[in-house]
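In what follows, structures are represented as structure tokens.
The two complexes that follow have chain A in common; it is paired with chain B in the first and with chain C in the second.
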Partner chain A sequence: MFVARSIAADHKDLIHDVSFDFHGRRMATCSSDQSVKVWDKSESGDWHCTASWKTHSGSVWRVTWAHPEFGQVLASCSFDRTAAVWEEIVGESNDKLRGQSHWVKRTTLVDSRTSVTDVKFAPKHMGLMLATCSADGIVRIYEAPDVMNLSQWSLQHEISCKLSCSCISWNPSSSRAHSPMIAVGSDDSSPNAMAKVQIFEYNENTRKYAKAETLMTVTDPVHDIAFAPNLGRSFHILAIATKDVRIFTLKPVRKELTSSGGPTKFEIHIVAQFDNHNSQVWRVSWNITGTVLASSGDDGCVRLWKANYMDNWKCTGILKGNGSPVNGTSQLGNSNPSLSSNTPNLQNSLHGSSAGRKHS
Partner chain B sequence: MEELDCEPAITWIPGVNSKKKQMCFDWGPGEMLLCETSFSKKVDTSEKVPSCPFIYIVRKDVDVYSQILRKLFNESHGIFIGLQRIEEELTGKSRKAQLVRVSKNYRSVIRACMEEMHQVAIAAKDPASGRQFSSQVSILSAMELIWNLCEILFIEVAPAGPLLLHLLDWVRLHVCEVDSLSADVLGSENPSKHESFWNLVTVLVLQGRLDEARQMLSKEADANPSCASMCRILGDLMRTMPILSPGNTQTLTELELKWQHWREECERHLQDSTFAASPRLEALCKIMLGDEATLLEHKELLSNWYHFLVTRLLYSNPTVKPIDLHFYAQSSLDMFLGGESSPEPLDNILMAAFEFDIHQVIKECSIALSNWWFVAHLTDLLDHCRLLQSHNLYFGSNMREFLLLEYASGLFAHHSLWQLGVDYFDYCPELGRVSLELHIERIPLNTEQKALKVLRICEQRQMTEQVRSICKILAMKAVRNNRLGSALSWSIRAKDAAFATLVSDRFLRDYCERGCFSDLDLIDNLGPAMMLSDRLTFLGKYREFHRLYGEKRFADAASLLLSLMTSQIAPRSFWMTLLTDALPLLEQKQVIFSSEQTYELMRCLEDLASGRPGCGELDAQRLQDDDIETTKVEMLRLALARNLARAIIREGSLEGS
Partner chain C sequence: MEKMSRVTTALSGSALTGRTMHCHLDAPANAISVCRDAAQVVVAGRSIFKIYAIEEEQFVEKLNLRVGRKPSLNLSCADVVWHQMDENLLATAATNGVVVTWNLGRPSRNKQDQLFTEHKRTVNKVCFHPTEAHVLLSGSQDGFMKCFDLRRKDSVSTFSGQSESVRDVQFSIRDYFTFASTFENGNVQLWDIRRPDRCERMFTAHNGPVFCCDWHPEDRGWLATGGRDKMVKVWDMTTHRAKEMHCVQTIASVARVKWRPECRHHLATCSMMVDHNIYVWDVRRPFVPAAMFEEHRDVTTGIAWRHPHDPSFLLSGSKDSTLCQHLFRDASQPVERANPEGLCYGLFGDLAFAAKESLVAAESGRKPYMGDRRHPIFFKRKLDPAEPFSGLASSALSVFETESGGGSMSWFVDTAERYALAGRPLAELCDHNAKVARELGRNQVAQTWTMLRIIYCSPGLVSSANLNHSVGKGSSCGLPLMNSFNLKDMGPGLGSETRLDRSKGDTRSDTALLDSSATLITNEDNEETEGSDVPADYLLGDVEGEEDELYPLDTEHVHPEEPEYVLPQEAFPLRHEIVDTPSGPEHLQDKADSPHVSGNEADTASLAPVDSSSSLLSVSHALYDSRLPPDFFSVLVRDMLHFYAEQGDVQMAVSVLIVLGERVRKDIDEQTQEHWYTSYIDLLQRFCLWNVSNEVVKLSTSRAVSCLNQASTTLHVNCSHCKRPMSSRGWVCDRCHRCASMCAVCHHVVKGLFVWCQGCSHGGHLQHIMKWLEGSSHCPAGCGHLCEYS
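The block that comes next holds the complex of A and B.
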């Protein structure tokens, strides 16, 4: 991998989240300076900040884009106990010339009594829906029934997780074989708190979300959780950021064997566990095909994990900083000459052993 | 097969101090976002401002962005498609010949790319980029070297005899200093006195180019009469060395016999010290006898162990069998390195090839090269040679697909190369389609042209959900930018009835506000698409009404207007407008609406006037509107009554005519 571009972030405080839009041509950043910035990529590949505005009265923890089928919509959540939904308004022509756009708040979701730690939009086939989770242990699912009127959101479900929640992940699978499913992680550090990862499934009959599984083997605080995109598999893959990186598979047990009407039962297997970060793992996220998992840890590194064609998971890359000073220009970091091998000691060795080469 | 455990590649992010801070990130379709942050709750408040003020975009396949390689990708794409379409029925020799041709095509594309890059390297303005290009050239050269060997061993499957000839060609092609050296020496005034003369002769012998070597020797004989006879004798030996030439009908055994004879003759000359007076000539004779020690003395000229291997084989075992190759290869490598250095990745790859361990070759190449292009295409070709299955590893075909998927995914990160990627996905039976679905949705639709291209690709493959989604995204974008015509056509293409209704409503609202339609062309030419939603049908028909009126086809316009109301297609909120539109028709000189039609209109009007639902507007506004509405209703009642009267009279009196 190589650093293709560097963009001056210009936030006045710590950045907590960065988020690409669906097509990778816009991005949003949110910060402890209580603002969100939106950046647009121009035709030439340069990034410009096209909006920057105060969104909350506390640190903004996460920012996320809705699917572009719903237009240009963002959601943010904050320490100030609220989550908000923002929509971009097509501006005046002189705004466009100046390269600025306006975002207006469509709704504030104020139901939480504590810091809202995560906000995620549901898969697009479920309509315009989002879930939030809070330190008060409740996951709330909201829906906007009219996608042309984003100021109307109704609280559809409140799921009590009994433990302070830190992260949620929707199962992106749109297969009719799977009911909507959401996984919730908890970073509650009290030793009695057992269910650090809970999975809830929507039941068509009761029209409610019911708990389907608890991953009992995860006993340490969970900081992030992510379902992998489904490439047509019959089972689900879930990645967990806890004191290490863990990848689980959940195979639905056939419904005839369980009482119909109840939530699906799953066979849970752990397919990988990595402690290479040697410290707390804070974030996990899958690439768009679900073939590579990235994790970020307390060791200041981002690691990439990939399964080879024999389904063995390995670390295939590390991104880290050595604190060297930044020289301010858009630099190509450490681009290796194209086609060369990845690690320095293999670099020019493709010439093969030749006469007279001596090695230590 | 052991998993090679190599260290993962490290990418350094400037400015971030991993000892103190952490990084947050996000995946994009082709890139990754990275930024410094701090996750632990105990944030050091004194360090409010982030120490690294940058957000980074990180990418995987740097090669995809190189201009010159683009041609490589494009042309190899064509070869790939051609290969997939090769008839399965072709077997035996013709199939093999075709596969060899494909392999040669790939190699010539690599060489063309190498040549171009070489030119760029020479012309480079600054030394750093010149070096970079040169290093890319050498990597391409290595790739072609490996591919060529794979072609000889796996695709051509050269048997003993021709095997050596192929290997000789292989070496000659890749150790090409000979030609420039030859030009140098021959171009000089006194070739045999040139300082590199003997080097040239030796190299020619090492490469088995004995005719040329003999010519050199004759020059030496001319210039130096004292060794003329020695040169002649050596030259004769060179001339008479038995080799297998293509089309030669002798069997291997015959060749072996002749060759042994010839060897004995060379041996005899050495014993008789024929060349004792010229150590150089003697060394040449020893080389021709395959004397390893002498060969190794010329390491510099051999330049690498596989040259040493081939020369060794040429002069000590020219009828070597493929299965015996690896013995010679391993010992050649060991002898050449002489314990002073260890094998490099390229050496390992070549060795794996000599051992006919295809999977090892592919694996080592995957690790050594940072781009999937090479392994993906080579593996695909070898799979077509049915070599992966024959190695009896269940993941044979999966490996081909795995590599192709990797390569194609990388292409999708590029704004135009993604189109090549589509075809690669097409030929991955297991996961190609779903991978394509996931990738193609993410292509940014900056221009209408690009959007249409993407849609065409999806439609060709019946990816209906992707078509719907893409059209929806474009329709939504159009609506938000108030480009209703565009929004409508995208909704129609998406077959999204709900959205079509929404956009039609906007059109109608626009009409009410401005008194005219936008995008008339579109609405006029809806055709069968009009049926998508009731509201859309109404929009189309309503516009048709206006057209008919404009063409003064009043009777038709009148019937249409009436049918719009009676067939319930018109939304109730629009009835008033429709009735108001009827007014000019009612006040024409001639009677247009028949009495029956007039009764219908009256019924509609009364229906509307009586069941007026509250629209939730402010009371004051409603009262005011009601005033206007009441006046309108009165006017209509009057006009309708008058028309009814005239209609009755006309119908009554026209009975006869």
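The block that comes next holds the complex of A and C.
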């Protein structure tokens, strides 16, 4: 059962990304208005904007949190061809009085010559690493050799994808059996039917990223890509937002069976494909256990997908973007939401449609 | 004359046609200008000065104006302008300060008409009067602007900006006598052409040089300026103070700005550094370009709309030595490609969703948040009905929160906190965990725990009450219940097998147990036995529990034993860890161990039936006859653990792994275990379950995991009096012989949780300091420091 809490974001243009931090208590939004806002959850569950600042001189496409072990750190990337790393400064008592925190830019990564379309921190066990991808088709991987010094980043790898990149996702697995892996999606819309998802894997011997797989079946522009949290699985689950929602599983074929030096081979299966959005799908996001996938599309709805014990994926809920219930899925039947638009803080508490489910 | 005829046709022809195309120039272009017939374009640069005809499919070179053998600096053009009334009249600004006019009507090859050598330095800009045929204006690096009457040999008037270099001059379209000039110091000046002594108006428009300006073509007194500060600003010059109407943020310094014909709010910009693209902006949406042309490979130096009344053709010249015609419909539109939605799954199952308002509002038919969204002022003030503009795009942000008990992750937190992983006998752990799982509505997990208990513990220990509860059958003894578990691998003989295995597990541990269970004595013995052993009196309690089936709370039975277990609970995991940790990573030792164990099993297994039969459950006695290999179930359990892990419930996998310990550890490879541990610990830390996470780290047998809480545990302490480092032991400072860690509130020595301010190093008992801070934020020690505790 979901309750929609509307937030007056007060961004001056489109919001392109929302991101929760590691503990789920902070949220960052970024917008075309070139700013990033940080929201903190209060005791009562309300979200308060505690920082809002101009980050770039172009649309900010993505914002992402680093693992809190490295501090309160955000990375953003923008149309202005840069990615930036930001750190929250504590102890400014002046700002604290106003309930605002202060963020300072630690570095600007200027290697791209085109719009930087995505930025993601690597899983914590890899250290303080950052991957960016840009419209000119290059994935760049940076590392901060000294985790205490966020202003020094060295460009470790440049991977050419040949196609304009729109999104990247690190494989979050912490297993030693899984070498670092990154999936890249392309939103190249030219008519050529090239595969739009490529997966690169780090090779210990060559110390380079090499292409491990290409998802040949995905030929439409890809807008978002997400590995599911691994949580001890032996295989990987990859969700892709293209003209529909797709879920792939990648099972590493045992190393002994393949040649030892080469990239890992994967058995790739498409386990689900849904066109329920009836339009472009823009975003996919996994829940923390990697059991529920949320997707959002041009229809303005969020749909939740979950597999049953037979590994059949089914829609378990539809949420309207403005919190109103969607016909047919509302189990609560609150067809007349008490739209408290007169409340000053606009914290409308509407009963959205339900995705009520039991966890096994 | 042939040319003239072409011009007329082009003008009379209603619409321009053409395609996106480019042609290669011999040299980099510095500026371009279009003839008023929209059919020709002049390209000027340091070493190029040519006229091209714009044809349907291509550019065709018409005329090379660089004639003469030796290259003259007069031909090194910084700017070029084509008169908008006279197709034959051109003017160029040379880098050596010369202003040259060209008459295409001249019969000779050299079309040069007049030469004005009045400026001392580079002339940055030349500009014809929009309606007056003979008036030319120039602006130079030397800080002067000059107005020339082409009928005379020299300038009519000179305007001194009284400031730095002039970057641009533009005649106003609205006022006959007015022109604007922009300067390197960020100023914009407005001049009356009749008053060369001083400017009409001056204001600072930009931070840093203002490289360009452009009057709005539709008589509105709007002036757009672009500067090195990467901004384009639109000023309303009709009011007595120039008012900033719009401000567009671009990604690089703005070199040229040109209003788009027929589109009131559109303007095109290009940059002089870094960025090679040309952008068209809607000034009402100042953050996202409406269109983008990406053809050039080097800096774009000149842009011009092909026809003053046609919004779709843009011409550009570039340092990459190309001349381009861009069609608006071929432009890439970043707005269209921009992702209109953001979505993120939170930790607790909540979803943050931001979407373009038009997407979410369309179907529901109601407007989200009326009123509060603060529109920029200009948006409210003016909306052109002529030009459709949906308004500033904005997004609706909402967080879908799970109501408690729904899809939230509270089950995970509760489970993590309440599970017992060690310190008690195995059966008890299983029972406890089963109960926890059941109370949280996770029946499958609960059953798994119950089954584990059945598999690994001796038969009598199965809390029949528990079974009744979970399986829902009233009968009190094992066999029929067993069958109701639907484990696919288990045949009907399950019950007996389980029993058997359990008996082994039991006997394997210690024979001392057998004695104890037979004679129903002594908790002292039990304390020494392994965790899986359960004292016999517990058995009794269980049997009694059967009578009151309906509410068979474990705690009732456990309770009497609880005090006896308190001590071992603390002592046990420690011993466990010390014994196991070294053996974990070293496979040899591990392997050496296991046969020993199984041998032990074999020895004692035969004893088990006898002893157990002397215990209370005579029902199960008959079942001991059949025998199965000892690791029959370990395969099953291993599969079960893998199943849970693949299902995303790594919690279950790790919990079972810890609880069962050696019994299953050998069946699962080290790497997988480590993977599960790290995943689970990461998850626990996400939920801030530090204590649980630490416990898991402690109980883990994987070396890579158990070293996790060994890092950075050293604390260096300074004496709070003499500020010197404390010696390694004791509470008393060696130097000043005083107790160091005194609580600043109660003045007693603190043992246990000690908090201190890192600023002044005073502190004390956690409780005391917390209490103190409720009343005051100053240091309780009276040092005057405003303490901060993190």
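Things to note:
As a convention for this text, the second predicted complex is superposed on the first by the 316 of 360 C-alpha atoms of A that agree within 3 Å, B and C clash if a C-alpha of one lies under 4 Å from a C-alpha of the other, contacts with A are read in each partner's own complex, and residues count from 1 in each chain.
In this text, a residue touches a chain if its C-beta (ideal position, glycine included) is under 8 Å from a C-beta of that chain, and two chains touch if they have at least 3 such contacts.
Fair warning: this is a prediction, and the values are worked out from it, not measured in the lab.
Of the two partner chains, chain C is the only one that A:R81 touches; chain B does not reach it. Legend: residue contacts after superposition of the two complexes on their common chain; A:S57 is shown touching chain C, with no touch to chain B. After overlaying the two complexes on the shared chain, residue contacts for A:V284 are found with chain C alone; chain B is out of touch. In the superposition on chain A, A:G24 contacts both chain B and chain C. In the superposed model, A:F70 lies in contact with chain B only, and not with chain C.
By the touch criterion defined above, A:K320 lies against chain B and chain C together after alignment on the C-alpha atoms of chain A. Of the two partner chains, chain B and chain C are each touched by A:I15. Within the superposed three-chain model, A:N312 lies in touch with chain B and out of touch with chain C [touch as defined at top].
Once chain A of one complex is fitted onto chain A of the other, the partner contacts of A:Q34 are limited to chain C, with no touch recorded for chain B. Shared interface residues of chain A, touching chain B in one complex and chain C in the other, are 1-20, 22-24, 27, 29, 32, 47, 90, 124, 223, 229, 231-232, 282-283, 285-289, 291, 294, 296-300, 302, 319-324, 339, 341, 346, 352, 354-359. Against chain A, in their complex, chain C makes its touches with residues 230, 249-251, 274, 285, 287-288, 334, 337-356, 359-364, 366, 368-374, 376, 392-403, 405-407, 409, 411-412, 441-442, 444-445, 642, 645-650, 653-654, 671-672, 674-676, 678-680, 682-683, 685-688, 704, 786, 788, 790. Within the complex formed with chain A, the residues of chain B that make contact are 3, 6-40, 43, 48-50, 52-60, 62-63, 66, 69, 132, 135-136, 138-140, 142-143, 299-300, 302-306, 333, 336-337, 340-347, 350, 367-371, 395, 398-399, 402, 405, 409, 431, 434-435, 438-439, 441-446, 469, 472-473, 476-477, 480-482, 502.
For chain A in complex with chain C, the residues that touch the partner chain are 1-20, 22-24, 27, 29-34, 45, 47, 57-59, 61, 79-81, 90-91, 93, 115, 124-125, 173-177, 187, 223-224, 229-235, 282-292, 294-300, 302, 319-324, 339, 341, 346, 352, 354-360. By the touch criterion given at the top, residues 1-20, 22-25, 27, 29, 32, 39, 43, 47, 68-72, 88, 90, 124, 148, 223, 229, 231-232, 280, 282-283, 285-289, 291, 294, 296-304, 308-310, 312, 314-327, 331, 333-343, 346-359 of chain A touch chain B in their complex.
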